[in-house]
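A quick write-up on the structure given underneath.
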Amino acid sequence: MLIARVIGEMVSTEKHPSHVGRKALVVQPLDLDGGNRGDPVIAFDAVDAGVGDQVLLVTEGFSAMTSVQRPESPIDMAVVGVIDRIDLDALAQTPAAHRK
Amino acid sequence: MLIARVIGEMVSTEKHPSHVGRKALVVQPLDLDGGNRGDPVIAFDAVDAGVGDQVLLVTEGFSAMTSVQRPESPIDMAVVGVIDRIDLDALAQTPAAHRK
Amino acid sequence: MLIARVIGEMVSTEKHPSHVGRKALVVQPLDLDGGNRGDPVIAFDAVDAGVGDQVLLVTEGFSAMTSVQRPESPIDMAVVGVIDRIDLDALAQTPAAHRK
Amino acid sequence: MLIARVIGEMVSTEKHPSHVGRKALVVQPLDLDGGNRGDPVIAFDAVDAGVGDQVLLVTEGFSAMTSVQRPESPIDMAVVGVIDRIDLDALAQTPAAHRK
Amino acid sequence: MLIARVIGEMVSTEKHPSHVGRKALVVQPLDLDGGNRGDPVIAFDAVDAGVGDQVLLVTEGFSAMTSVQRPESPIDMAVVGVIDRIDLDALAQTPAAHRK
């Protein structure tokens, strides 16, 4: 899963029947410093997230579908959590040879 | 899902039986400014999209197959919506540290 | 799906039982101008394609498996069509802002 | 699968019901020299790994879900092993033409 | 599928129950000239491959799982063949416009 920020919404009238009533969010994947990580994508909302929220993003079809309880729906990305905080261990972030 | 624009069609006579009667679109993924994002791909059409339309593109097999109701068909990308507009929140787009 | 060209074949004697009798093609993904797009990959043949053919390539496991009717086989790429031609709309290829 | 190091944990209160009680780890993929390989990701823990551990990371939804025995849960990455050591063969690492 | 070379083995004691008794190989993806293609990955062995072998690598979860007959196991890459040789057609490798 990736950390991301909700930056907008997508509006579509001509769409797949299974998408009716679903909120399509524009989300920007982020790195740990809060900077942008690649380009924004479109994801369906599974946790009632709003614009500005830091969220947890799944980027794989089967998990995205199950998150919105529509296993037969064409969805390959979904917002599945709102992030409160990330606790990092400074020492563990220091690269080191891992072969003994 | 990705935002994309339909830029053409692919014609093929020797093909998988499950593809007969399916419209294969050439679609160009886009960034939020409407600029090209990587190279074009081939996607099957699930919403009767046409050349020039801004569309919603799924890029994963299982979701693409279900979108055209052919779960046993070799399809890994599909056009599943025509985009009316994208509403962005300017403030939310500003990168900021997300650790509290 | 991607546009690709068949450039060779792979020969293997020690292999997974489900691969016996399957033709393994070396395929080079292409961009719309016919230039190389990344590095070649190995794909199973579902439409009797030959060296030099322009083909349609699926790059996802579940769709690749179903294309050769072996859902229990370890296959993640397959050639599923021979491309006759690609019709592009010059106007639609011109990038433009898509937000209204 | 990828080699990675656990560098922190993610805390989320508003989340998908299936995620309750699951430990969400921040993991940094590594190359063979222990250096960073791309950006960190969020993965669920299937083997009680802790911060600082070198771990085996699956980055695909279906395998990640099964690893935590929740096939209906939106999870696309999981930590599935703690790595004791990597034994490399120096000779095999030397690039050489593979066509005979 | 990708061409790769086995360059080592991974040793892990604390691991997912389904991984017990499985050989975890360190494999380096290769381009057609035998040069390295990206970074090495960890893959389970389905054909008794050894260090130094040129192999066929699947990089997708569902196909990797089925290759080792453990559909419920968290595995997303597997070695599914030992490559004897790659036959390339020099002419087909020459890029050319593919639109007629």
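Which chain is which? They are A, B, C, D and E, in the order written, and residues in each are numbered from 1.
In the analysis below, a residue touches a chain if its C-beta (ideal position, glycine included) is under 8 Å from a C-beta of that chain, and two chains touch if they have at least 3 such contacts.
The structure presented is a predicted model; accordingly, all values stated were derived computationally and were not measured.
Counting steps between touching chains, the shortest path from chain C to chain D takes 2.
Centres computed as Cα averages put chain A at a distance of 29 Å from chain E.
Separation between the centroids of chain C and chain E, computed from CA atoms only, is 18 Å.
Each of residues 3, 32, 60-62, 64, 83-86, 88 in chain E touches at least two other chains.
If each chain is drawn as a node and touching chains are joined, the picture is one closed loop, every chain linked to exactly two others.
From chain B, proceeding by way of chain C and on round the ring, the chains are encountered as B, C, E, D, A. On the chain A side of its complex with chain D, the touching residues are 1-3, 31-32, 37, 46-49, 56, 58-64, 66-67, 78, 80-89, 91-93, 95-100.
Residues 3, 5-16, 19, 24, 26, 28, 30, 32-36, 39-43, 51-52, 54, 60-62, 64-65, 72-77, 83-86, 88 of chain A are the ones that touch chain B when the two sit in their complex.
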